[in-house]
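Look for chain A in each of the two complexes below; its partner is chain B in the first and chain C in the second.
== the complex of A and B ==
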């Protein structure tokens, strides 16, 4: 679908301009916190007037190879590319980072943080994460760890957190998350004016843009969608196979399976990946305190690295079912990166649960090299054929 | 393309451009009237065209007689001669269903991949799993092994049946197994026992694919490797299943499925045309 939205162009332009802006901010004395993983609360970074950027890219096999000199090849390509980014030191956000904040959710990403600290002399702040968010002990541990982490950020910023600064940051991020959630609803509509991939670009623009500028752009985008919807502008009819993406992270730069699916005429209508919709959901900070932020993050759908031993109480699966319903998906493509054990090991149980509900499931196990491009295409194409055939029979 | 379409007497062609072999089947209605297998060419488009010309010659037909052509296999992407392209997974399912309507489980071992497929009563794919990107457990793997033993590929299966025991292989990696086989031969092991071990290793690997899609009914074994009697026996033993006796050359299953799908697509297009009139 061709992009006709002016605000998308503005967002892309803002992303292009951002490295230079950050250079200017740094020249004026600002400090940049580059964070990796899943549970680092940006609320704390913003409340201390630090500049948050979410680091990490994908899809570049050269950087993966580069990173593999410092971290074991038994780590996933995303993790190795993070290390490669630091080793190469050409990414503007990596270069600008004064402090690397990393949480211990995915232990491979956490290890990448340790490697970055050890080999590339980056200052690092670590946030401990309990293996089980659901137990009282896990909750207590995370609250304690977040206080400790906040202390480290305060020390780095040279100032203390205040209730009013926290309230501002919490409000800002609440607005961003709810805006993104709304955007996901727009892209899933039958006659949507915005595609899922464009929404993913918008989400990932929020990794680096000034969050105050970002929320303005986000609201403008939502208004533009509303206006254009009302004008009944001629738009392409969307394809008949609606696919939901689950599994391992799809970071900026990695569009391999997305483009394969789109080339095949499938339409992606939603995701629960941790570089997409997942972090925007269920974050309810009830008061401007570090403890309340900890509780809100404990209430999110946990990352795949955190185990659920009982399928019946697995919130990830419950959330997946809810999102499939919300986005009216016909099938799930479960994307796993080689050596991304948290998601790869969950593939079989997820398939079993979904197939019991009659939802087609395909796992695409891949990495960033192009050697499996055609093999992946064949699997994806057969899956699209299978789903299309089912849809025809059901119709 | 013929101008008047008749479903019962129409001519439908399937072309399966695989990594090692290019296959083609022609149907007149539902009757198989032509078949051909040629080695795949470097240029898959030319290989597909050649197979199509040869199969039509075999059937005593010309291109002008053909109502619909479906191409499949890895070379389906470059098939300007085809009306439609379909994946080999869907085609093998359709081909197996055409020959054995009661079969719900298919194993296809081709030149460079293997697939476990579950189908419904219409021959539509219900679920499938494919091996990883390497050549382990595929036709190419067996070809390399045949070279090590300096025997024609077609004799490998019969040789495995002469084994007194199967020597377990420590991997299914083509390169590692080749080294292992050379070491075993140097140690004086019985070649038949080693070959049986190789077949067993592939069968065990295939078992992993079926763990992902499940087994329903007897198994239909398609693809070039299905001609290998040793492989068939090893599969039966490892999966504890019965492999259906093929009613047609199993290497042509994909091309046959493509031809059967060509018939279905032609019928659908014809209906749409009639509705428009």
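== the complex of A and C ==
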């Protein structure tokens, strides 16, 4: 669906220009921190005047194959593609990265970090993450870890963190997160001018763009939506099947199930994936200190790779329920990548939980190869049809 | 008319020669922590009469069966070790009926806290076997089929991507075995344990759950040890709640002393074997020792006695110049890396090799827990020092030393299908070992954890590797 929004075109242009900008920054002495996983706080990277980029792509079977030669065929395709990116060394952000920061949320990603360090001579900084994110002891451990990690970043940057620089970075990222949250509300509206996939593109543009330029563009996009909502002719209404995407990561480059669902006339209205909305939610840094950042990250929606033993009080599932309501979703497509155990092992359980609430659920277990495209299409089509019929009956 | 499968005569089972009975029953029996004592005569009768009838699969002799009994029938402490393993089912059931909580834990991790809290820890491999043995009289093929049935029930409920250890979790959920608590360490040795533990939370049985966090990149970080120590306290409290025991530091120290003793004996036995002019015991008998010394199979007191007997018998064999049955002259020694699985040791020996050691379980036996200060802190610091759980480059350096100590001429990294963490570093460890030592290395994926069929592919690869050496 071609966009009618000028700012989206500007954002895409900015993404196209970014590799050359980073080259210029590096030529002028800037250092790039490429980070992978979920819990690396960009606040620290920005406050040290380092250039943050979130690394990782998906959807490229060739890179998966390349990566699996160094890691293994029993790692998830996203992890294999990360390793493939380093092995191939053509991705501009991988090439530009001076330090790879990896948090140990998903341990497969941590393993990928070890492989990258060993075979591709990349400098690595590890941030330990407690499995028990919700316990006081886990919190205490994470605060220590983040202080230690901050020390490594300071050493790499050759400068110390200051309260004012931290306050600036915290404010900047707070603004970005709140803007993205607002954008998600826009895309879910009945007469939305922006589609969920476009919002995902905007979120993922934020992985690489200069964060100060990014927040300006984000605000401009929100203003444009406000203006056009009031004055422009509204685009064709979307179809009536509102789908929510949950499960494994959908990184830049991986659009297989999204395009299948769109081709089938379904409308995606929200997600809780770790490359989408989830990292933007519930981050409340109350003061410009490393400890406060640690506490804020502990308060976020926990990642599925952190096991939680009590179903009734699981915040990830509670958040899923809240978002389904917020985005008025009719059904959930639970996307799992082969060998992504954290999300795959929760598939049946999530289905049970949602079925108890009367919410239709479809798990799509896939890889980046195209060989399962039609099998997925058949299953997705049946699901969309079923939800559509259900909506008609309920209407 | 040819016989149908069901009508085929039963396969001849492995037998201990009656001519050895007299010598065997003159050896020491085994005493347990609760005061029970089993004589050697009782062990002999169990292994020659009762066990073959109740667990015929354990006595199967087909080459594909990697878990078959050691053929070294004159290594009497080896027979006792086999008895200790096969009779675990009865001991565990009896303990459970007496109110002792049986706890599913992670393999290859230290077990003192579980015993100190009045529980019995069982790793997934033991629970998987126990679940099969709840139905007695099964042939190897029938036992395999039962195992697969339990395993697939688990995969249906949780995920097709789960490794074979899901059979242990399914057996618990389905009430096949009376496990009272699932409480593993979440170490890097296993990618499935965390999520399989979590998966119980949605099951109607409502089994209690607890995990012990295992921080990575832990070196030089006192806060990592603090976290593990507090997690151990919570786990001990949870087990104690079930056992009704009031756990003191002395209980911890007592079990730490047991474990340190067992570790010391296991190290001594390994060094005796590695440095003997003739290898005095075969790969099966040697390979069972790290597991025994690590998890105690239900009773630390009995385990230590057994290890003493093994050590003494190994010494006697070395003095007499005896070579273990099945071991060829100057075999090609292999050091094995990776979790849960290893080559079929009988077939390695048939091909002129010898499994001289493996990092799984053995690595933690190379360390002792400091016997001073706070016992939880001492355990935590030891746990965080396990070579297996270090950053991979450091683990590879430890592997090199272990391969040298065992005089290995090749290193095989083997991992089970579905294991994301071990598979992910199999190449790296193999490459580092090869680059730094010149030893040939390889890495092999297998799917036969807990199974004894369709093993030809991995057999072929191990054989080819041995031939190449």
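One rule holds in what follows: the second predicted complex is superposed on the first by the 392 of 395 C-alpha atoms of A that agree within 3 Å, B and C clash if a C-alpha of one lies under 4 Å from a C-alpha of the other, contacts with A are read in each partner's own complex, and residues count from 1 in each chain.
The rule is short, and it goes like this: a contact is a pair of C-beta atoms (placed from the backbone, for glycine too) under 8 Å apart; a residue touches a chain by one contact, two chains touch by 3 or more.
None of the values given here were measured: they were computed from a predicted structure.
In the superposed pair of complexes, A:148 makes contact with chain C only, with no contact to chain B. Counting residues of chain A touched by each partner, chain B versus chain C, the larger count belongs to C. Of the two partner chains, chain B is the only one touched by A:386; chain C is not. Touch criterion met: A:348 reaches chain B and chain C at once. Applying the stated contact rule after C-alpha superposition, one finds that A:27 touches neither chain B nor chain C. In the superposition on chain A, contact is made by A:378 with chain B only, not with chain C. Contacts of A:309 after superposition: chain C is touched, whereas chain B is not reached.
Residue overlap on chain A between the chain B contacts of one complex and the chain C contacts of the other covers 348, 365. Chain contact summary for the complex, chain A toward chain C: residues 69-76, 79, 104, 107-108, 110-112, 114-115, 118-119, 126, 128, 130-132, 137-138, 140-141, 144-145, 148, 307-311, 338-342, 344-349, 352-353, 365. Per the touch definition, chain C reaches chain A in the complex via residues 157-162, 186, 188, 191-192, 194-199, 201-202, 209-211, 213-218, 221, 223-224, 226-227, 230-231, 391-393, 415, 417-421, 423-428, 432, 445. Across the complex, chain A meets chain B through its residues 348, 351, 355, 360, 365, 371-372, 374-375, 378-379, 381-382, 385-386, 389-390, 393.
Of all residues in chain B, those touching chain A in their complex are 74, 86-90, 113, 124-128, 130, 132-133, 212.
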